[in-house]
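Pasting a structure below so you can have a look.
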Amino acid sequence: MADKVFLVIGAGAGIGGHAAARFAQGGYHAVLARRSDEEGLAKLVAQIEDAGGKASGTLLDASADGTIEELVERTESEIGAIDTVLYNLGAQIGNRTLDNTPHRTFELGWRLGCFGLFRLAHAVTPRMVERGRGSILVTSATAAVRGNAGQHSHAAAMGGRRMLCQTLNAEFGPQGVHVAHIVVDGSVDAPDTLGKLLGDRFEAYKASKGEDGVIDPTAVAETFWHLSQQPRNCWTHELDLRPFSDVAWWNDNPDPKIAT
Amino acid sequence: MADKVFLVIGAGAGIGGHAAARFAQGGYHAVLARRSDEEGLAKLVAQIEDAGGKASGTLLDASADGTIEELVERTESEIGAIDTVLYNLGAQIGNRTLDNTPHRTFELGWRLGCFGLFRLAHAVTPRMVERGRGSILVTSATAAVRGNAGQHSHAAAMGGRRMLCQTLNAEFGPQGVHVAHIVVDGSVDAPDTLGKLLGDRFEAYKASKGEDGVIDPTAVAETFWHLSQQPRNCWTHELDLRPFSDVAWWNDNPDPKIAT
Amino acid sequence: MADKVFLVIGAGAGIGGHAAARFAQGGYHAVLARRSDEEGLAKLVAQIEDAGGKASGTLLDASADGTIEELVERTESEIGAIDTVLYNLGAQIGNRTLDNTPHRTFELGWRLGCFGLFRLAHAVTPRMVERGRGSILVTSATAAVRGNAGQHSHAAAMGGRRMLCQTLNAEFGPQGVHVAHIVVDGSVDAPDTLGKLLGDRFEAYKASKGEDGVIDPTAVAETFWHLSQQPRNCWTHELDLRPFSDVAWWNDNPDPKIAT
Amino acid sequence: MADKVFLVIGAGAGIGGHAAARFAQGGYHAVLARRSDEEGLAKLVAQIEDAGGKASGTLLDASADGTIEELVERTESEIGAIDTVLYNLGAQIGNRTLDNTPHRTFELGWRLGCFGLFRLAHAVTPRMVERGRGSILVTSATAAVRGNAGQHSHAAAMGGRRMLCQTLNAEFGPQGVHVAHIVVDGSVDAPDTLGKLLGDRFEAYKASKGEDGVIDPTAVAETFWHLSQQPRNCWTHELDLRPFSDVAWWNDNPDPKIAT
C-alpha cells in the first residue's frame, strides 16, 4: 500500500495530468481518472513512471451514479489512503444563449460542475475525518464568481461549486480537512479541453496571447502542491491564477465609462 | 385580458403573498402559485380581491417537469402578458451535516433553488424580449454569497441561483428585461416557511428578536415594487435586506479575533 | 424649525440636486451644499421653491477642516433635525497612470472620497443616535468594489469609503441609523461633473449611449427616497444602479477568454 | 552588489522577520526596515546571518515624508536591485467606537495602511518596469474586505489598500510587476504586534486557540515565497490565510438565523 495517495478526477493532459506528475514527484502515488481516451491516460501514467514516480490510471464516467464512490473505495482498499484529491472536472461549453442551452445541458453542467464534487466529498470526508487530515483541491473558473452572457450552464454550476467549497470547509476544516477553491482566470495550455474546444485555432490562439500569455499547467500544479503542503495553522481557502498579460476578471482596461 | 400581470411562484403568506398584494394594489393582476394548501391560497386571493385588486391562484409542483412552463403559457393566454415575475421558492432545510444531507436532498435543493429559475427564464424571456420589457425578481438568501456550516444543499443551490441571475441579466438586460437578485439576510415573519420550520417556537423566536427585529414581508414587497418600477436607465441588479438590529452577514460583532 | 431636514453634501445639477428636489417634494426641508457656483446653487434652490418645496443653499469646501462639522451644527440649530444626509462628493479624476498621480492628488482623493464621510459621521451620528433614527446615504462608484487601471486615487478612496460604510452600519444600525452605500455603475446625466469632465464631447457621448443609455438623476433620487423610507425592520445596505444597456462591472460581454 | 534584494517594510519578529529569513534562505539579500527597537532589528539580522544568509537592517518612520522613497533609493544604490518588496505595515488599533476614533487616528491609519503603499509603489515601480520584473507583496487583513464594528480606521485604510493593489496590478502586471494582496484572516504568533496589543494575555490567548490555532509566521513566509516564485504565466493576485480551527470571516458557525 502507498503511504500517500493523490487522486485526480479529470486527468487530461493539462492541469490534471501535470498535478499528478507534481504529486508523484513529491512521493505520492498518483491515481488518474478521466472519462475517455485510454491511450492518453496510459501515456500520462507512463510519463510519471518514467520519471521515477508511482501512478495508476482509470477511466471514469463521473456523471454516472456510484462511479466516484466506487473509485474512492477501490483506491483506498487497493492503493492507499487518499491524502489529497483534486476535483478537476470542468463544465465549460462555450458561450450559448439561453435559447441554445437546453434543460439537459444545464443539468449535465450541474452534475459535473457541482453534484460530482458533493458526491466526492460524501465519499472521502469520512475517511479524512477519521485520519484527522486530508486536502480537497477544487479547480474552478471565473464563472464561479461572476456570470457572463452565454454562461448560464457553466456559471450556475460553478457558483454552486464555490459555495459548496465554503460549506465543506466550514464543516470539515476544524476536523483537519483542507478545502481550497482555485479560480483559474485565464486560458490554460490544455490540449484535452481548451485545445479540443478551439481545434485548429488552438495554436494561433496561443500565439495571439504572446509569450507567457497562456497559463502553463506545470505552474498551476506547483501552486496546488504548495496548497496541499500548507501546515494546518495557515491554510488558503480561495485564490486566483492568471497570466501577467491578462486583465483580471474584475477589470476592464481602460474603463470605457470614464476614459477622457 | 389584464393589462399587466404579476406572477409569483412561491406564494405563501410571507413575501410571496405580500408581494402579490402590493402589485395588485398597483394595478396588476396577481397570479399566485404555490405547492400546496389550497385553502391558504384561496384566502390570499380573497384578501386581494377584498381590497379591490385582481388575483388568481393555482397550485403548482415547481419541481415537476413542464409545470412552470405550462403555468407561464396558461397565464399569458388566459390572463395577460406577464410584466413582472417573482421567483420566490426557497430551498432552506435547516443546518445539516454532510452526512445528513443525502444525494436526493441535494438534488431537490438544486431543482427548487436553481433549475426552476432556469426553467422559468426559458419560458418567460422569449415573451418579454418580444415585448421589449419585463422584470424577473428573485428572492434569495445569504447562502447565495457565502456558505456556512450545514448549508451544503442550500448554499450550492443559491450560489448557482445568483450566478444564473447574472448570466440572465447579461443576456437579457440589453433587451429590456430587468433581472434583480435580492438577498434577504434576516428572518422574515413568514408563517408558511420560517413559521413551519420553527413550529411552536416561532412566536418566542420573534419575541426574542425584539421590536422590528424580524423582517415584515410588507416592507420586502414595497422594495420589490420599487425595483419593478425603476426606469430602464437606472436598474438595480443586486441588493440586500435585513433588520436594523441584525448583524450583516459579513460582520461579527465584536470581532473576537481582535477584541482587546 | 423644519420637521425633517434632508442635507446633501455635493449638490450639483445631477444626483445631488435631484435628490434634494425629491426629498423636498416628500416634505423635507432640503439643505444643499456645494463647493462653488453660487449661481447654480441659487437656481437649484429656486427650482425647489417654485415647485412648492422648502430649500436652502450654502457653499462649502468639504476638504477644509471644520467645514462639514460647522454645516451640521448650523443646520441643526437654524433649520431643524437632520433626518437624512446624502454624502454625494465624488473623487473621480479620470484615468491617470501612477506616474501622473502625484502624492497630493492621492491625498485629496482620500480627503473628499473617504475622510469627509468620516467627519460627517462624527458630526451627525451623535444627534441621530440621540433621536434613535436617521439615514446616511452614500453615493459611491464601481471603484469601491474593484480597482481598474488608472484609478489609483479614486479606487483607494472609494474602497475606503465602502469599508467605512460597513463599519458605520455595524456600529450605528442597531442604534437606529441606516447607512446605505449605493454603487452608481454607469454614466449619469450630470452636467456639473461628467459634463465638465467631458466638456464639448458630453452631448455626443450621451447620444452614443443610445436611448436610456445614461442614468437619469431623477431615477437615482427616487431610489434614494425609497431607501430613506424603508422601515427599520427591512433595510438595504448595499445596492447598485446602472442603465439596462450597460454591461455590469463584473461582466465582459462576450467573454474573450472563451468565445468559440 | 547583491543579485536580488528582498525589502520588507514592517520587519517585526512576526511575518516581516520570518519573510526576511525565508527570502535570505532562498539567496536574496534581505533588507529589514522597522519603526523602532534597534536591538530587536539587530537580532533579526544576526539570526539571518547566523543561518548563512545576507541581511541589513534600518529604522524607518514610514509615516514621515520622503522616508520610504529614500530607503528605496538607498537600497538600490548601495545593496542591489529590489526584486521583491513586502509592504507589511499594519494599522490595527483594536476595536474603538467612532466617538473614540479621533480624526488624527483615522488619518494615521490611512497614512500607514494605504498612503505608504502608494508611496512605495511610486518609488519602486519605475525601477521594476525598467527591469521588466518585480513583485510587490502586501500583507493585509480581513478589514480589507468587510468592515466590522469598531474598525472605522482600520477598515477604511485596508479597503483602500486592497483597491490600490488592484489598480497597481492592472497597470503594472502587463509590465511584469506582480502585485499580490494577502488577507491574513486569523491571529499570528507575532510578539511585536499582537503580542504588544495583548500584553500579558498573549500566552493565555494563544493557549485558548489550541494546537495550531494561531498562524505560525514561518508558514506565512513560505506562502509569500511561493507567490514571489510563480512564473509570470500563472500569478495569484488575491488569497487568504487562516488556521484550520478558525471560522472564515464570511462564516458564522452555526448560523443563528437558521438553527433549528
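As written, the chain order gives the labels A, B, C and D, with residue 1 at the start of each chain.
The working rule: contacts are C-beta pairs under 8 Å (C-beta built on N, C-alpha and C of every residue); 3 or more make two chains touch, one makes a residue touch a chain.
Chain identities (UniProt): A, B, C, D = SDR family NAD(P)-dependent oxidoreductase.
The model shown is predicted, which means the values in this text are computed figures rather than measured ones.
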Problem set entry | Distance-maximising chain from subunit A - centres being C-alpha averages | C
Seminar exercise, completed: Averaging C-alpha coordinates per chain, one finds the centres of subunit B and subunit D separated by a number of Å equal to 43
For this session: Quick one: report the Å distance separating subunit A from subunit D, using the average Cα coordinate of each chain.
Result: 30
For this session: Going through subunit A residue by residue, note those that touch at least 2 other chains and give them in order.
Result: 146-151, 166, 169-170, 250-251, 253
Exercise. Quick one: do these chains touch in a line, a ring, a star, all-to-all (complete), or other?
Worked result: complete
Problem set entry | Interfacial residue positions of subunit B with respect to subunit D in the complex | 92, 94-95, 142, 145-151, 186-187, 197-198, 246, 249-255, 257-260
Problem set entry | Complex interface listing, subunit B residues touching subunit A | 97-99, 103, 106-107, 110, 114-115, 118-119, 121-122, 125-126, 143-144, 146-152, 155-172
Seminar exercise, completed: Touching subunit B in the complex, subunit C uses residues 166, 169-170, 173-174, 176, 178, 212-216, 219-220, 222-223, 226, 230-245, 247-248, 250-251, 253
